[in-house]
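First chain A sits with chain B, and in the next complex the same chain sits with chain C.
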Partner chain A sequence: MNAFLYVDFLRCTACFACETACRTAHGSGSRIHLAFADGLPVPLMCRQCENSPCAAVCPEQALAWDTTHGVVLLDERCTRCGLCAMACPFGVLSVHPLECPNVVKCDLCRDRRAEGKRPACVLTCPTEAITDEAQRPLTRRRLTGMVPSVLASPFSQNLSGSKARRQRNEAFREKDPR
Partner chain B sequence: MNAATPVRTVCPYCAVGCHLDLLVENGRVAGLEYAVDSPVNGGRLCAKGHAALEMLNHPDRLQHPLQRSATGWVPVSWDRALDTAAERIGKILAAHGPDALAFLSTAKGSNEENYLVQKLARVLGTHNVDHCARLCHASTLTGLAPMLGMGAATNPLSDLGRSDCLFFVGSNLAENHPVAFRWVQEAKDRGARILVADPRRTPTAWIADLHLPLKPGTDLALLAAMLHVIFQEGLCDDAFIAQRTRGVEALRASVKDTDPFWAARLTGVPARDIVRAARLYAKAPRASLIYCMGVTQHVLGTETVRACADLALVTGNVGREGSGLFPVRGQDNVQGACDMGALSGLLPGYRPVSDPNARIFFERAWGLPAGTLGAVPGLTVTEMEQAAGDRVRGLIAIGENPVVTSPDSRKTQENLKRLDFLLVVDLFITETAELAHLVLPAAAWAEKSGSRTNTDRRVQWSPKAVHPPGEARPDWKILTDLAHRLGLGSFFPYTCPEDVLEEIRRVVPAYGGMSPRRLATAAEGIAWPCPEENHPGTPVLHEHRFATEDGLARLYPVVFREVPELPDADFPYCLTTGRVTLHYNSGAMTRRSPSLGSRSPYLFVEIHPEDAAREGIRHGERVRVVTRRGTMEARAHVTGSIGPGVVFAPFHFPETNALTQNVLDPAAKIPEFKTAACRLEKMRGTGP
Partner chain C sequence: MKETPTDRRLVINVDQCIGCFACAASCPEKRIAFQDQDGLRRFTAPGFCAAKCDACRKVCPVDAVALEPVDPDEARPDPLEITWVLPLARCRRCGEPFTTEKIRRRLSRQLAAALGSPDFSFDWIPLCPRCRRDDEAHRVRAATRTVPDPLP
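Entry: the complex of A and B
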């Protein structure tokens, strides 16, 4: 898996499963935040930035980035000063001393991964809007966006190029009414 | 953590029937694990599924039977509670006869429990047994049964992923059945066209190729116009119509004048889009039609359901893999509760009470004297509530919350207060339980075993994982004990749910092959009809013949009528109701859940920006919504996702149904929940 979560906004249906899954997995506030832009949902969580402002600003070096784990929080160093939350350009870090002892930040389900399980939000998302395998959504985007859509059409499954195109065009030929 | 044993249960919320692995440690549920190997949901869960655990250890859970006294609720022993219940029911029986009793069964109970509720009512001598299917898919039964022979989904939900065109009419699958939406997304990835007819731009409509934002209550006009286009342009499947259906001429004649321009005036959808939708649906090699409350909860519910089926039949989209008709059910066991005959007019296995052979069959099977079962259907949910305190003197409500769910709820509440005896069996003190004389604590889904039937007729066994809290008991046990106290012990010789399932197998042919052992080991359950032990089940219905007498489907003519209450000068907006993803039906479970409640804590109404500007209402302000029946206060959500002139309110909060109208579909007796004329009043202050 990648050391970050890949989000395909167009697939999100705002079902809030990721938020409740995150809450269940961590036993405290959700690390994923479903934000809405123009009424459409945008799931936001730690982007695991390589050149991370949160790590740069941390006075105790409690945050550090590496290729396999992303931005890792070293609990024992953290003083809950909250500078990282202020520095985060996505606004997805927060400090809630009453609700959660540490910085509320996506840790890519460190505990679950140690047991060989995938992150809770990835497993639970009904439409695969969030995934830890960037390859699949990238392939899908390439198919739907760059390759002519006829090749991604259901009618082309058992047909080759031109015949598929002709059949599909017949199936969906549209004229103006009247 | 090593001691935790996973127990695979079926999620208690919607009718998709997802698997939920509970981790049980020292007799308590310690957490959940995703059922990654489940053929149903593959580990996926929605927000409500995650929050299901909060219901098990909730501090509000009822732990002891409670009896009303002058000073409030008094905890009583089970013996005393059941004796009281039996005595009060006995008194009503002696004074007014069995038809003064009414039973509200529950789609949240297992098949076994629903079977017992209706058996208890019928052994006592009344058909007054009904459940909330009356408020959601009653019109599916009355609409589809005479056409196809069965009022159930024709294909498994996974077939949505194999369709080339998905047409959603009044269904918001993405919000209400989020896990099932994965198959829609799968179809979309393969290039399928998605059509959505809904007054609101719902999350389902976000991925649509074509959204038809029609006015509430005009679905039938849209469907009639699509049928018109299909006949006009010769897009119908003539071979299928000739070989497998009857009545095409009457249908063709009825849609002769319903052209897209006529429909455009009524629905507000451009004629061009109606034509496009008809062509896309009819030309797709495999098309599915998914409909839900937007179609059924109308005075025209039965007719609109039939128009949906007409559309599927004339295009030959029934009885094949990947193309079907999906009435998507809302509750985990609403299909099963209907199968078990928890309906006023139908005995188990959909045998009408008016059929003398069916009555004789059940009188023999249950060992009743001939003539015990009456030929006249009993009262439906709304009729019971209208007759409460009048003709109906005693009501037994199991897992139902009519004060929130029934239309014109203030009236319902007044009527329930006039009952001689109201017995409520539930998990919490619901709004209805507050009016009860006696409340019995029930077990939740993971605290009892039983079989449940999902929307695609898949019967799954959900085993008991933990003990109920305090003295709470499963419904089947409460019903059996109550029957014994009423002197009906010989009819209720059950010691476990498996005993009841064995009896169901004998009297409901579709469940004949579902032995408890077979169900417990079937990974994805068994789809009925499954008449024999070695029958594999029937995921796709009507493949070779329809379940009608001659095996042919009937096409019904389409006749459009306006909704009963159109907006006027005093009430200029159309109020429509529906669901939101974080709440569930009466909200008794979800409004108490911390993780769901914190995200959606208050009642809101969606208002179009133009209407909001006219009324001087800004986003987030408190507004008062007024109809001829009542008033409610809510927070305004100003959004362009709803059409002008339409106001939307979720029905999970007790206030909403004080506004809806109790006008019924004559055949299905389903109320008109989806339209009501209303006005908006701006309030001072911003409120909570």
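Entry: the complex of A and C
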């Protein structure tokens, strides 16, 4: 597995199941935060930044980035001073020194993955808005024709699976076989 | 020979203390406490500590905690409890206090040194985590606006 969770927030129904699953899986506060932009839900969690501000300010170098695991917290170094939480640009990292023995940050369910399980939020989300497979949300968007402008080139249309578009593409090929 | 625990005086360098809560989190007996109230973060700690432990001194990121040995026969005029306060920084948008003024300043400085480039601004630092998430939600929604089908 790679170091990201992919969020197709157009599918998010704001049911808060991910937050509940996260709380249950970690036994502490939720690492996923449902934020709302003009009433529309956007699930936010650690972005696993490569040049992470949280790792840059940590006085004990307890946060480190690597390709396969994202931003990893080294528990034995962490003093829970809370500086990382205040450095996070997305507000998705928090420290509750007296309630929780850890930094509340998405660790991509490290413990579950060690047991060969997938992240709790991924398994719980009823609409598959959160997934650990990069290909799924992209394919789905192509299927529904909702491709972001950067991807909407004539070349990507061949990847489209919509029936109407397939017929249009076939008609186009008949006219101009190449 | 069995060692006997000796009391040590807990000395906080308030000028250096940035108001993080590493000491409070590290104390195995939770004897250091803090509370955010009326725009101030108020720390409360025992004036003396007899435990054979220096967790609070070790974890302090700015070395503001010292444990000075005390002569057991010495009279103790010091208070048995010490408190110190640090001003909190308020979110520029919603006005809620979210960290101390010193931490906010320290982070701006550290981030500029570590990640800074001329065209990069750390505009999230004066915002509380909740407002940062709101901003991010708006950014994400705006960045993924879809385009209409390019085919006729």
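Some notes on this structure:
In this section, the second predicted complex is superposed on the first by the 145 of 178 C-alpha atoms of A that agree within 3 Å, B and C clash if a C-alpha of one lies under 4 Å from a C-alpha of the other, contacts with A are read in each partner's own complex, and residues count from 1 in each chain.
Everything below uses one rule, namely that contacts are C-beta pairs under 8 Å (C-beta built on N, C-alpha and C of every residue); 3 or more make two chains touch, one makes a residue touch a chain.
What you see is a predicted model, and the numbers here were worked out from it, not measured in a lab.
By the touch criterion stated above, A:Thr24 is placed in contact with chain B alone, chain C being left untouched.
Between chain B and chain C, the partner in contact with more residues of chain A is C.
In the superposed model, A:Pro97 lies in contact with chain C only, and not with chain B. When the shared chain is aligned, no partner comes close enough to touch A:Gly116: not chain B, not chain C. Using the contact criterion defined above for the overlaid structures, shared-chain residue A:Leu40 touches chain B and also reaches chain C. In the overlay built on the shared chain, the residue A:Phe9 is in contact with chain C alone; chain B does not reach it.
Of the two partner chains placed by superposition, only chain C is touched by A:Met86; chain B is not.
Common to the chain B and chain C contact sets on chain A are residues 40, 149, 152, 154. Contact residues of chain C toward chain A in the complex are 20-22, 24-26, 30, 33, 59, 61, 98-99, 103-104, 106-107, 110-111, 114-115, 122, 124-125, 127-134, 136-138, 140-141, 144-147, 149-151. Listing the residues of chain B that touch chain A in their complex gives 31-32, 34, 36, 43-47, 49-51, 53, 164, 174-175, 178-182, 185, 187, 189-193, 203-204, 206-207, 229, 260, 271-272, 275-276, 279-280, 283-285, 581-582, 595-596, 599, 639-641. Chain A makes touch with chain C in their complex at residues 9, 33, 35-38, 40, 42, 44, 51, 53, 56-57, 59-60, 79-83, 85-92, 94-95, 97-98, 145-149, 152, 154, 157, 165, 168. Considering their complex, residues 10-11, 13-17, 19-21, 23-24, 39-40, 120, 123-128, 140, 144, 149, 152-155, 171-172, 174, 176-177 of chain A touch chain B.
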